């Protein structure tokens, strides 16, 4: 807990940097006198935008996120192992090889089925 | 809902978006008219399923300047500067095309020295044009804030060498107006041929350097198999130039219907198979090397004699044509530039109709066929590899 | 047809800043801050390249290694939101003008415009063609004209330097030399060309023309025909048959020009 | 003392964020508020000296699960324009009852579990790892099987409509030629 | 007085944030100069000596520009995204030991803290892209998140190699260990270097640097997620990106290049030298390579980098027993 106090202070100051810049800009920046209606239109190469950008996106992203989470969980379990492999000896390595090999099976399956393919 | 698409997508330029079964909402993205990679004011409306393009509709006409109509109102000697601005990346060759048509309809013979000089200028212009293409293509692939810009800067540095030579010859960097009916206006200044040799030495040496940059797995991955255009479709759409040669069709007007002195130089036409962006790149690079060879060959052997068979005066009534029509095709860096000239005897000093067949327009016609099925990144690469010049697409 | 843009009428204000200037005792501090801000505004001019045709290529050459606009801190951004100056390089057609206007509107204040090349200045060869507007200053206000067909890359740099002077003068509250549009001859090419004039009314059978005209009218792009009884909000000066030499830089433009102009002379340049 | 103040601050932030998760009408806002709640949980873990859990909370939940939810939201949005979900009020009583039941269940479970009074001092990451690799090694290895099953399941579900076709995706084929319109009207 | 964590933290944070922000400003100048020299041009020259005041002028200009919030945008998230990005970008630096004593806090999970914050960088940018309601931006944002999460796995795995070798998650301990036993980039032979290369590659991807700058592909997506952002907001994004690059360079040199350890020179000098070398390498790569495509990027990550990282980790684990 004690060791997190400097982190807290640091994060507070780091967060304030962006707001400070925005605040300075608020003081110094100009304001348009008459705003043409097109000014706040979304930029789309000079054309009027066709449709909204907030549409249903491709499910491919979802699959990648799904696979990512599973591998992320695996990574999370690798961290305590990495910390202790020096202390625990050969047994830990064998365990982890089994763990990783089983997961690599899933990886091979995902690769073969094209789940990690982008198009 | 198919989370993982497994079926092959069949590109169909006539796709009905109403009946298309998309995996996601179709996003209609307007690429252009102001976009960093449309190479001018061109608009391609992309209908995208996720990141895959299912339909691409090109919209042209943002630079329609009524050039053909303007030509009907101008005298023959005044048309040349207008056509400079038509394909603004290779103005020399555009001037030549128009003046060749005028000479043909008026039966004016061009002196040999002018023919040699025209060939030299055309080939130097081809190098400059391809250098510009290489730079912008690299920007398309590598971004304005990355390695692409580096290549772009290098290419422009070399292009400036050629523009300097043109400036020494004609006094202009860009729109030269150096060709006239019956020959050329400006004769070679002293020491010019040495300058050409020096510039070509530099360009050839440095070109080898950049090609090392392009001989990189990232470049090959980005271009191989991207935008494949098969020869049949290319011929059907009227595609010419490096695009056609990249698709494996051995066709080059400079060799097949020689004009100027191309029949003397034993032109080796670069042909690649594959029809993808990589092949187009290879063809253009080979053309640059071949052009440099031709220029070197001719520049030392310029025959003596007059540069023009007519007096280059800008008098409106100087050149008169009787009724008739001619077609002249020349090979620009983008393909066959055709000039179809009709003269009626009544209005002798200006053409009755002048139809320009720009190569870029026909090359751009492949967009709806080639883009679908590719991602947005590939679309940019393909658009860059087509090298359309909007000035001549819209005219 | 050419519309003279009132140089001094800028479309932005500085609310908080002006307020601080009025606080007694603060004005000296604000003035020194103002010098710093002026220095920043003049030395970091980011370009929105509205490159349409030949001049676009020369503009690229200006950005390339021989001239290198980056020397003076001018870099190019592809989106109008992050730019300070729009360089209109090339012919602007009837179809393109509303788009240019829209992009111009999307740029944040303070913003400037450079008309590069004779097509963007006046239409040049194509000024009487039905599809080309006679100069971009019929659609958006132009600060600096860079004449040439196309101008050399060095001329682009010179234009940017002139723009810097202009920005500095305007921020310092000094009178800004009004830039004259280099006029071309009334008839550039052939007398008969005049018969091909701009489309004056909507073609009922042509949806594209209707759409374009409506879009242009909505965006108030001048140079388009107006319906009966509608006038543009900006004063239109009668075109003066002045033939300026293309090489004439800003200094050659007469200082007395604003006074001589019949337009209502207002002088908001003098800051409190 | 400091811990308690911090805990209450975090708790209030988490509760407010959780409330916004329920009441926000925009699905993306909902997910982002959930991110705030999850981040608050990480801070709570830090206050409990469970540093490793806090980091995993950030990496896994705020980094991973939130991404999944965002992509899920991007997958489901169908409305154009304002992307809101309604809050049908007739579901409110049922929702309350359900929430109360879940809360009672959790509270009962928590109160019946004997909790240690003292907060652990110092790092426990190492001890956690040792426990994984020695005492709970079977569970650890079973977990890999679980993850494998999850990968397989996710992919099978994702592919359910296109059973049978496992070939590589071919490149775009050249279509039958037809007359082509270039440009077109606005 | 320095025993009080609040006061020491405040002093440390103020110093570090100031130094970082200044460094970021002039690093942008430096990058422009390097790019200029690489492209046979000069870069900024006219504003101040050698164009040194160019970043200052850019910042002052950006402060004066009008702010535009698009009509269709989500106004709160649109305004909130840039400072959040900046906070996350700078936040990583808190645990990096610049010298043995100049260090915010030597957390016992320092590596995880740095990686967690660094991996979160994609979120505020996604928020920015979504909030602008611009198609180019949103495509860029989606690419960004997909790329960020994909490359996070090999990044974490690569960063675990020093953890395995040193047996600690604390960055201070890792540097101390390297100070005694030699830099991890040199040993175990091959493994350390491989892990370093892997970490560096994934750091390029996380920081959206060429060849992985697919979210910001200027030629495709105009300006990527920041397309709609005007002057100062965009400046904050750009500064965060530079900051992220710098801090990731510092992290890489801490994890693999021995951080502040080195002969003759004082520790801070070593740290600055190593970080600068890595940053120059990033710049060098940026201005000499082309860009990958998103599917190639994903394939690179999932097909090659993830199994490679797992192998490295296992080999490193075995190494600790073969040669303890």
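Note that the chains are named A, B, C, D and E in the order they appear, and that numbering of residues resets to 1 at the start of each chain.
Just so we're on the same page, contacts are C-beta pairs under 8 Å (C-beta built on N, C-alpha and C of every residue); 3 or more make two chains touch, one makes a residue touch a chain.
Just so we're clear, the structure is a prediction, and the values are computed from it rather than from any experiment.
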Query = What chains, if any, are shared contacts of chain A and chain E?
reply = B, C, D
Ask   = Which one of the chains is farthest from chain C, going by Cα centres?
value = D
Request  = Count the C-beta pairs in contact for A-C and for C-E, then report the pair with the higher count.
outcome  = C-E
Remark   = Relative to chain B, the most remote chain by C-alpha centroid is chain D
Task = Using mean C-alpha positions as chain centres, tell me how far chain A is from chain B in Å, no decimals.
result = 44
Message = As a quick test, compute the distance in whole Å between the mean CA positions of chain B and chain D.
response = 54
Note = chain C and chain D have mean C-alpha positions lying a whole-number Å distance apart equal to 53
Task = Hunt down the residues of chain D that sit against at least two other chains at once, touch-wise.
result = 52, 56, 59, 63-64, 67, 71, 74-75, 78, 125, 155, 158-159, 166, 169
Chain E, residues touching no fewer than two other chains = 39-41, 62-68, 107-108, 112-113, 130, 135-136, 142, 145, 149, 152, 156, 169, 218, 222, 227-228, 231, 294-295
Request  = Indicate the residues of chain A shared as contacts by at least two other chains.
outcome  = 4, 28, 30-32, 39, 41, 43-47, 49, 51-57, 59, 61-63, 65, 67-68, 72, 75, 79, 81, 83-84, 87, 92, 100, 107, 110, 113-115, 117-119
Ask   = What residues on chain A touch chain C, complex-wise?
value = 26-28, 30-34, 36, 38-39, 41, 43, 46-48
Request  = Write out the stretch or stretches of chain C touching chain B in their complex.
outcome  = 50-54, 56-58, 60-61, 64-66, 76, 78, 90-91, 93, 95-96, 99-100, 103, 125-126, 129-132, 149-150, 152, 189-190, 192-193, 196
Task = Enumerate the contact residues on chain E facing chain A in the complex.
result = 5-6, 8-10, 12-14, 16-17, 21, 62-73, 79, 82-87, 90-91, 93-95, 104-108, 112-113, 130, 132-138, 142, 145-146, 149-150, 152-153, 156-157, 160, 163-164, 167-169, 222, 227-228, 231-233, 235-236, 294-295, 297-299, 302-303, 306-307, 310, 313-314, 317-318, 320-321, 324
Inquiry  = With touch defined as at the start, can you tell me which chain B residues reach chain E in the complex?
reply    = 27, 29, 35-37, 51, 138-150, 153-154, 157, 213, 216, 218-219, 221-222, 375-378, 380
Sites on chain E touched by chain D in the complex = 74, 77, 107-109, 112-113, 115-117, 119-120, 123, 126-127, 130, 142, 145, 149, 152, 156, 169
